[in-house]
Amino acid sequence: MRALFNLLFFPGGLFLIVLALAYEWVDRKLLARFQNRIGPRWFQTVADIVKLLVKEEITPATAHPILFGVLPVVAMAGALTAALYVPLLGFRPAFSFKGDLIVTLYLLSLLTMSIGMAGWNSTSRFTMMGATRALTQLFSYEAPFMLALLGPAIVAQSWQISEIVAANQGPWLLLTQPFGFVVALIGLMGKLEMPPFDAPKAKTEIVAGALTEYSGRGLGLFHLGKEMELVVGLTLIAALYMGGIANPLEFFGKTLLLLVILSTLHAILTRLRIDQTVGLWWRYGAVAVLLQWLALIAWKGIVA
Amino acid sequence: MSVHTDSLWGGALEKIKTWARVNSPWAIHYNSGSCNGCDIEIVATLTPRYDVERFGIKLQGSPRHADVLICTGPVTLQSRDRLKRIYEQMPDPKFVVAVGSCATSGGVFQGCYSVVGHIDEVIPVNAYIPGCPPRPEAIIDGVVKLLASLQAPAKAKK
Amino acid sequence: MSTDLVLQKVETLLAGFAKGTAKPEPNRLDLNIDASDLIAAITALRGARWGYLAALTGVDLGKEANQIEALYHLCEGDAIATLRVRVPRAGGAVPSVYALHPNSMFFERELMEMFGVTVTGLADTSHLFLPDGWPDGMYPLLKDTDVKAAAARTMGSEPPEMGRQGDRFIVPIGPQHPALKEPGHFEFAVDGELVTGATVRLGYVHRGIERACEQQNYTQNLYLTERVCGICSHSHANAYVNGVEQLAKVLAPPRAQAIRQLVACLERIHSHFLWLGVAAYEAGFETLLMYSWRDREVVMDVLEQMTGNRVNYSASVLGGVKYDVTAAHAAAIRRAMDTIEERATHYLHVVTTDTSFLARAQGIGVTSTEEADALGLLGPTLRAAGVTRDVRVDAPYGSYQQFPVTASVDSAGDLAARFKVRMLETLESVRVIRAILDGLPEGDLTVKFPRKIPAGETISRFEAPRGELFYYIKSNGTDKPERVKIRTPSICNWIYVLTKAVGSQMADVPPLLAGIDPCFSCNDRMIVVNRHGGDRRIWTREDLRRHASTQTRR
Amino acid sequence: MKFGTMLIDVWQSFFTKPVTQRYPFERLEAPDQYRGKLVWTAGKCNGCCLCMKDCPANAIELITIDKKAKQFVMRYHADRCTYCAQCVQNCRLECLGMSHDQWESAALKRQDFVVNYGSEADVAHILATYGKPSAEPAATSATE
């Protein structure tokens, strides 16, 4: 019974939807205030999702109907289950077992995979290009992002999130592993296709990328899945790199601080072309993280 | 849920649906032959001074994502069938706002050979905003009137 | 070199071909040429590097003369040489000069479509302006064509199936697309991220304005020409008014001329800020769109206060100006200029130093000076490639002698240079506005203007924010013009976009499109472009692939 | 090559009040020269029709009921008008003017745009003879 409660209400479904919508509103409001405008009202994101869910759903003739309907559900499921392993709101994660960090990372990238599949499935030219770009970006940021998150795991010598958080009580890992933190944060932006890495859904080039053909329920679920992933990603980075989350106040403080950083980067940078983002990752992201790993292993070898 | 209680439950559901549709009208813009005077005023409504995002209006790229089609221009012969095709691509419930004297009545281009005239000869139009070009406030006023009209019949329709 | 010497040079060059010359105005020279000598004449001019092909006007001389006259206008500085070629009304033919002047491809297509004159040696002869279903054999600008019947038949025709795939993966940027503020249909053959072929089908904004001008009187035409393009409405209205005033030999009072120049400079500022936002938005820099359009509102308010409308000011009237600039307006304009100057310098700094912006703007669509001149580009796109050609400097009209303007030029020739040139032009406009406000001459606003204009023809050139605007107006003594020819700057810049799009990344195409600040409603073109370089041969797909592969250096 | 030159801009605007003008709730007056809806005062008009002749969008129809008694009705099509004020410029008797506060003229049906200016008796008379002013172009000045 407790597992059902966790899945449906507390760290899972209902609570996460509300939190995701709140974070999306904060993101849009921040961006609007950065651009000197008022921005959306507080209930705007709720109205958007409800309107999308009641809108007529059009399935393109050339797309495989079952796959077209299932993919948004898979995307949101990926984000929902990832939330169970992450210390949301400062409480102990609902489930935690040896190696749940790896499982969370793969669950988080499930959404991007399903967006790529959705793009291939609805065969319009924009979605094809959107899908290829989404998958290229997935392969380029996934490795550095994972390496960056595994940095604290090496220090704590375990793959379990709660253990890692417990072991790193000393100075924030933000200071001891700066490269790891920066790459993780930028990696999260790449995963969520937030500008300047929004080539896969670049409005002025390929209309809406992989989601061009989706309307109504499908679009709503994809949108919600992405916002949930934002919340889960922020808590993960805050937990690992900013000395764990003890209580809800600390949770909101740290994650909103990260969100402000993401929004500022969104406001001041131009969208990068897909070859520039991939180049940026492999030339700088991966090298920085590997150097940091080298330092960690060397330090671990000498001290421990 | 048997039928006779449906009206109570249906009424509440209907109210929520209308509330959601009125508060997040995503828009798409199509210029069917306008001199782009009205188009720059439509984009001006998105910029900080008028900022229609406070009404929930976001400019979408694909007709699939949009509820309101904001179109300008006297519908030239070449863009006539494209206008119809875009209107058909949009999922229900959809609304059309004709911005500018050209879209409402052909304006200065009435009688030109390559011009159909006004938008409602091609697709049904829900709100007309005359002006050459109408001020951004007049465009917002038109959209507000359209949204208000959505709420009114929702109660009458039952 | 004075205008007469420049025109003498033409006379000596074309002495062999000209059947008769005339000098209707001090800066204009007409030469009657036979169709057979046309290529030789233009090659001679091109050999002596004399001027560029500004426009090609077709004039229907009526049923009784049974002739159509094609006027090739070539401009150098403020001198205009017009080669007049007469061809029979039915079945007339003119050789194509595409090899010498690449931008003539559009003018010849328009001549063919509107007058029925066949142009021999032209690669692509499908419809340019007219809608797809337009019945063949009906030429709208001939006086006796029944355009209403032709339009009715087009309405009934079946629209062609767009987006024929073939073996290449074609990405359509259709008439409706977030990157386009106006309708135009582009088809980019894409190989992965690389563009290997580009076609554009415009014509979605063709409203038949030139024919409508012939059926309305001069005053009504003023408001019709003003609505050719919303962003450069004052430029069109002024070019038309200058032309009609030259025909009627009536000079607007000095205060009216100064106010016209003032509104023209304000329009240039609002157009450049608008373009800065839109071009940055195409490259994905949404904040710059929001900021530049917020600062642009300052100029829009001033324009609204002075002329009563934010976009179509209708400031000029035949023979003067409608509104006066009171002291209150002048003060409001000065305050607006201070904020604009401060913001424009800030944007100039952002546009030339911001790393992420330069990553998307530097080295995109680089054009050398010779190529830009050879392609016949116009306006800031040309001046960003190092050619100082600006009608306000070469051939100052109205009060530009009193308040001179200096052209702003940059030599890099890429997208970032275009941003820089437009910001420099904005700062230059601010300086000129302050000079005008200081030296605004006294006097009344309008002068008596006849309703019937004596017969004659004239050419009026105006520097719109996007480049040189070319008006040819012919009057026949009544209160309705005989012919109004409008050649807008964006036509000549199109060939640049498509030649640069081939071989570039797909993501760079929208910024390239926005780079020339295209005004679709100014022109409607369909061009199939093959890679254009020194050699004029048509490239096969294999050449493109090989060429494309050498281009991927990033 | 500097990184994030817009950073100061962005944070400055974060801490300053947004410039948005909350339109429907806070309505600013249009400048007094703004060209809004056309207003016709019957008084001095002598039926010269010069305004109709030069209107680029034939948005004005002057219907003369009685020329000597100067009884006219001006049918004004607000949807066709392009607000260029050429009629105001042409009219030597200053009967026409552009209102600067009537610019919120959006409507849900096209029929709302046709306005008949003139004394009540004349307008009623015109409506009776022509029936409902449909959106289609009514007959031009039909003399009584």
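Letters A, B, C and D mark the chains in the order given here, with residues in each chain numbered from 1 onward.
Basically, contacts are C-beta pairs under 8 Å (C-beta built on N, C-alpha and C of every residue); 3 or more make two chains touch, one makes a residue touch a chain.
As the structure is a computational prediction, the values presented were derived from the model and not from experiment.
Student: What chains, if any, are shared contacts of chain C and chain D?
Tutor: Output, common partners of chain C and chain D: A, B.
Student: From the C-alpha centres, identify the chain that is farthest from chain A.
Tutor: D
Student: Roughly how many whole angstrom separate the Cα centroids of chain B and chain D?
Tutor: Their C-alpha centroids are separated by 23 Å.
Student: Could you grab the centroid distance between chain A and chain C? Build each centroid from C-alpha atoms only and quote it in angstrom.
Tutor: A distance of 47 Å separates the two centres.
Student: Averaging over Cα atoms per chain, report the distance between chain A and chain B in Å.
Tutor: That gives a centre separation of 34 Å.
Student: So the centre of each chain is just the mean of its C-alpha atoms; given that, what is the distance between chain A and chain D in Å?
Tutor: That pair's centroid distance is 53 Å.
Student: Which chain C residues sit where two or more other chains touch them?
Tutor: Residues 177-178, 223-224, 227, 287, 290-291, 294, 309, 312, 354, 356 of chain C each touch two or more of the other chains.
Student: Can you tell me which residues of chain D touch two or more of the remaining chains?
Tutor: 4-6, 10, 18-20, 22, 30, 56-57, 82-84
Student: So which bits of chain A are touching at least two other chains?
Tutor: 32, 34-39, 126, 203, 207, 267-269
Student: Have a look at which chains touch which and call the overall pattern line, ring, star, complete or other.
Tutor: Complete.
Student: Which of the residues in chain C end up touching chain A in this complex?
Tutor: Residues 169-172, 177-179, 190, 192-193, 280-287, 290-291, 294, 354, 356-357, 359-360, 505-510, 554 of chain C touch chain A in their complex.
Student: Which residues, counting only chain C, touch chain D once they are in their complex?
Tutor: 216-217, 219-224, 226-227, 287-288, 291, 294, 301, 304-309, 312, 314, 317, 322-323, 346, 349-350, 353-356, 358
Student: Quick one: which bits of chain A touch chain D in the complex? Just the residue numbers, please.
Tutor: Its residues touching chain D are 30, 32-39, 264, 267-269.
Student: Considering only the defined contacts, which chain B positions touch chain D in the complex?
Tutor: For this pair, the touching residues of chain B are 48-51, 54, 101, 104-108, 110, 120, 126-132, 134-135, 137-138, 140-142, 144-146, 149.
Student: For the complex, which residues does chain B have touching chain C?
Tutor: By the definition above, chain B touches chain C via 28, 30-41, 43-44, 47-49, 59, 61, 63, 73-74, 76-82, 86, 107-109, 111-116, 132-133, 135.
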